[in-house]
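Note that chain A is present in both complexes that follow, paired respectively with chain B and with chain C.
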Partner chain A sequence: MTVQITAPGFWQSEFAVRFRRNRNAVAGSIIVAFVVLVAVFGPFVAPYAYDDTDLLGTWAEPSREHLLGGDQLGRDILSRLIVGARVSLLVAISVLSITLAVGILMGMIAGYFGGWADGLIMRTSDIIFAFPELIFAILVAAVMGPSKLTVIVSLSIVWWPGIARLTRALVLQLRNELYVDAAIACGTGPFTILFRHLLPNIVAPLIVRASIGVGFIVMAEATLSFLGIGVQEPEPSWGGMIRDGLVGLRTDPYLALFGSMALGLAIIGFNLLGDGLRDLLDPKIRDR
Partner chain B sequence: MLTYAMRRLLGLVPVLAVAVVLTFIAIQAIPGDPILIMLSDQSADKALAARLRAEYGLDLPLWQQFLNYIRGVATGDFGKSFRFVGVPVIDVIKDALMISPVLALAATALAVPVGVIVGVFAALRRNSWADTTVILVLIAGISIPNFALSAFLVFIFAVKLGIVPVAGWGTLEQAVLPVTILAVPPAAYIARLSRTYMLEVLQQDYIRTARAKGLSRRLVVYRHALRNTLVPLLTTIGIIFGGLLSAAFVVETIFNIPGLGRMAIQAIFSRDYPVTMAIVLLFTAFYALINLLVDVLYGVIDPRIRLGGGPT
Partner chain C sequence: MTQPLVQIDGLTKDFAIKRPGMLAQRAKLRAVDDLSFAIAPGETLGLVGESGCGKTTVGRLILRLVEPTSGRIAFDGIDITHLDEKAMRPLRQHIQVVFQDPFSSLNPRLRVRDVIGEPLRNLGWDTTRIEQRVAELMGIVGLPAEYMTRYPHAFSGGQRQRIGIARALALRPRFIVCDEAVSALDVSIQAQILNLLADIQRQFDLTLLFISHNLGVVRHVCHRIAVMYLGQMVELAGENDLFTQPLHPYTQALIAAVPEPDPATRGRRGALQGEIPSPIAPPPGCRFHTRCPRAEARCKSEIPQFREAEPGRFVRCHFPG
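Now for the complex of A and B:
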């Protein structure tokens, strides 16, 4: 008789079981998975090129040729929504990577070393927090001029202080733990302690924070593009498409309505997933 | 109490000082010579350029320009518009001044009661289908951007049903859609928080005591629980106002409302940077003042805050 010993796989782990019981998390991850799949593979199967204009087919009604209709230049709305998903996610991923890298580093330095570095970093974040988010982004946009890079830079400037504050608070909680003292006693350098010993212990709340942030970043990018200071033509962005669509809402509502549906659904998906992850990983963190 | 308020007011000074410095740097950092842009096809006219440069104070050394800028801002003079040559910024924006704050206040006045009622309703029916539905609607309300919501609501209520006008400003009907759209995210946010707070409060000992001594459920909910739910909500007013000021840019643009938000966006595109920066400064100051008011008010209600140095 053989006894089979298997370590419980991921799908049997406590986390996975609780995840599957959380309806919000499941619904959110299905929507997010769909949006990510569309963003990654969609452009290869999109029926038309996103900048393929057809001046005879401007504001075309949905039909077999153009499933969701055409926009003001006769470009296929479906194809542009698909490419728009990719643009939106690329901006979100860029902003998220920059804010996480900068925010975690700054938060760790502030929390671990304290002193003037802490003061400098925290006062800087106070100043950024003193501006309403979008208004700071508009200030940056006015200086840099409208572009995709402007969106990434301005949203990164607005977002890193939140990550830094959270990281700092988490590091402050842990820095007097015995294993940190032990590492110091062994002669371990401060950055090894920070990244090897502390980072793994604070990663869960940071994941929660990041996942909640994605929905807001997607919304902020769309808002800036809607106002015309974000992603520029001919590159499609959901925000810009809705702006163009609102002009023709009275007679040709498809662009505005389908664009709004895509954007709304994507953000709902990210927020459902973020909320679900928060419930699962860190019940202490509440809204922003 | 007064010392606390004064301390908070003093704390505002560095924030506003930095905002003033940042906007000055931003105007300097913008590429291109504003005078040449202003003159466009007459840019060869050296004498005219020199005169304009002197009129705008741009011929002075940078440090002197900076001092003038600070002195101007302190006295409510934001310089002259680049787009409307020679016109003071304050004259360009003065008609628009009150519209964004009025919109924000109207939206708050609508959002707070609706949010609290919905939140309490959901909390009292925890885990029922009604609660689940409300939670889903709230997530949608927070998630769907205001311009996407505008597309749906304008299409249904203005284009299809024709109940309200598509855009414009001045009559009550024209304000219905913008105010409603502004109110949706804060109402959803407040509802979500009041549901959470209500659930927490309902588990407190004093609620059990009140029930045990024979008070009706209704009385316990409205007399004891609701009051304690409302107090922490006050701190969210600051966050909500920040969101509403940002949303004003979008909603004013969509509905063609001549407020500061739409004006700031137009000023960016017409490269009228003094106007843009004045509006950024005004919004920041307004936002800081609202947050200050909320903190002080919270200190009045809850003495623990004053001693602790501010709400976390």
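Now for the complex of A and C:
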């Protein structure tokens, strides 16, 4: 006899209960939810347009009109931070989607089929690993010219090998499971085995990897924009705002200060959420 | 004898082993060494031996899950030794498998309906037809059909093994490899599953290769029994002959090791001494001579042939009896 398993609602499920007990996960998800809400709805509530210049209000101190002050062209810092959140997340989501799609597919092919396909994919990723990612991004920018698209393309090229390696390792672990042999023995084709049998069993570590990766991608985008090869004026980005703020750091620190705070908050949020999810989803450290 | 359903000739499988170090020496492990046997339609052949003797590899070779190094495997007169995966697929519905571990042989993320229905889905059956067939199969193996939407973790080991058997039966195969199909189960459940297998064999006129390390279990279900030692077959005989009058000293030792319920006859037989030698460097001559109570100088140098000692009884020993 088996015990009747009733399906509880999501909030009663084991995962939800453990999630609520994990402080990192809760704090991270609150911060991430805040950043995402700002990015989605922010432009509707922002007090000014992000490119509204006010030449009388350059380097304005925080006041009732400009809650966080103004930048070198008198643009409202709060409004620009809000729109900057949207830019950061857009880049992060694009890079994440591309790297997950390419990385998982390549990793599964390398891990399952082995042989020359494995060699080709893994040596390619070794070559990409050999470049420091910033140098690589500058190289791409030199070819494509600085733009948001450059950031997405260069970060995607730099990031997919990490996903591919993780996926390959996970597939190697599972491909000797008997249910894979059973599937082969009843005539299941290799791609059905990959997507129906293996992928659902490796999503948990991939989710963890992706959630930790978002923080790094946001950071990398800010770095590239800081260096001037990322998002271009007048579109705001946190990295670009920090750079602009450096000019007046001694006398008018608000632009660099608030830009850094926004960037730091977002990265801390994503990292806390990633750490929390890792604790919750990684079976190896699960029962500690 | 009619044409055998499965015919194995000189089957050999080497596994390459990498030794650590810069100049990696390539050693090879001969898991299966020049094995030949045939299984008649409707027959159950038992394959026994200690762990590591290559019996599981034999099953995987017949299923074409691993590539043979040399030799020939024929199914129903067709040589399947070198068929590629595509050419193999139509034949796979006739050759199925039940694995030892009922936990790792079912994908934890698939519902029972999808596990049992997978071979049917591969043939392009539609969903309603698959569900009907799955319900029918669950009835055959003694599981309520309502359970088909559950996941494997909701079942006990014995029930999982029933699910594995239902999956193997889905395509109405003619031949099933049972690889230690009951070894992971409690003794009380073992009997149920063995009876189920025997019923199914009668009902569907199946041919079975029954791989096990447990002679008691094998005796219960098999018509003929093959004994393996270090990749070689050492004895092949009918079930009754093998148990009443084993010819090879290894078979005799295995039978002596079967637990004896009667205390009066217990403890008088010598157990086998020593460990099974490494298959990477098997002993010269007869492979069993290091542990054989009957070994003489000849056994250390000359490899005994696998020969017919009596009609239908084969043995690999210089001094059988």
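Here is the rule we use: the second predicted complex is superposed on the first by the 276 of 288 C-alpha atoms of A that agree within 3 Å, B and C clash if a C-alpha of one lies under 4 Å from a C-alpha of the other, contacts with A are read in each partner's own complex, and residues count from 1 in each chain.
Criterion: contacts are C-beta pairs under 8 Å (C-beta built on N, C-alpha and C of every residue); 3 or more make two chains touch, one makes a residue touch a chain.
Every value quoted in this text rests on a predicted model; they were computed, and no experiment measured them.
With the C-alpha superposition on chain A as described, chain C and chain B fit side by side in the combined arrangement.
Of the two partner chains placed around the shared chain by superposition, neither chain B nor chain C is touched by A:F113. Shared-chain residue A:F34: touches no atom of chain B or chain C.
In the superposition on chain A, A:G187 contacts chain C only, with no contact to chain B.
Look at A:G245: by the touch rule set out above, it reaches chain B but stays clear of chain C.
Counting the residues of chain A touched by each of chain B and chain C gives the higher count for B.
In the superposition on chain A, A:E133 makes contact with chain B only, not with chain C. Of the two partner chains, chain B is the only one that A:L272 touches; chain C does not reach it. After overlaying the two complexes on the shared chain, residue contacts for A:N201 are found with chain C alone; chain B is out of touch.
In the superposition on chain A, contact of A:F226 is made with chain B only, not with chain C. Of all Cα pairs linking chain B with chain C in the superposition, the shortest spans 5 Å. Chain A makes touch with chain B in their complex at residues 24, 126-127, 130-135, 138-139, 141-143, 145, 215, 219, 222-223, 226-229, 239, 242-243, 245-246, 249-250, 253, 256-257, 259-261, 263-264, 267-268, 270-272, 275, 286-288. Listing the residues of chain B that touch chain A in their complex gives 15, 18-19, 22-23, 26, 29-31, 139-140, 142-145, 147-152, 154-155, 159, 166, 189, 192-193, 196, 239, 242-243, 245-246, 249-250, 253-254, 264-265, 268-269, 273, 276-277, 280, 283-284, 287-288. Taken in their complex, chain A has these residues touching chain C: 2-3, 5, 177-179, 181-189, 192, 196-197, 200-201. Those residues of chain C that touch chain A in the shared complex are 60, 63, 65, 89, 92-93, 95-97, 99-101, 104-110, 118-119, 122-123, 147, 150, 154-156, 159, 164, 167, 170-171.
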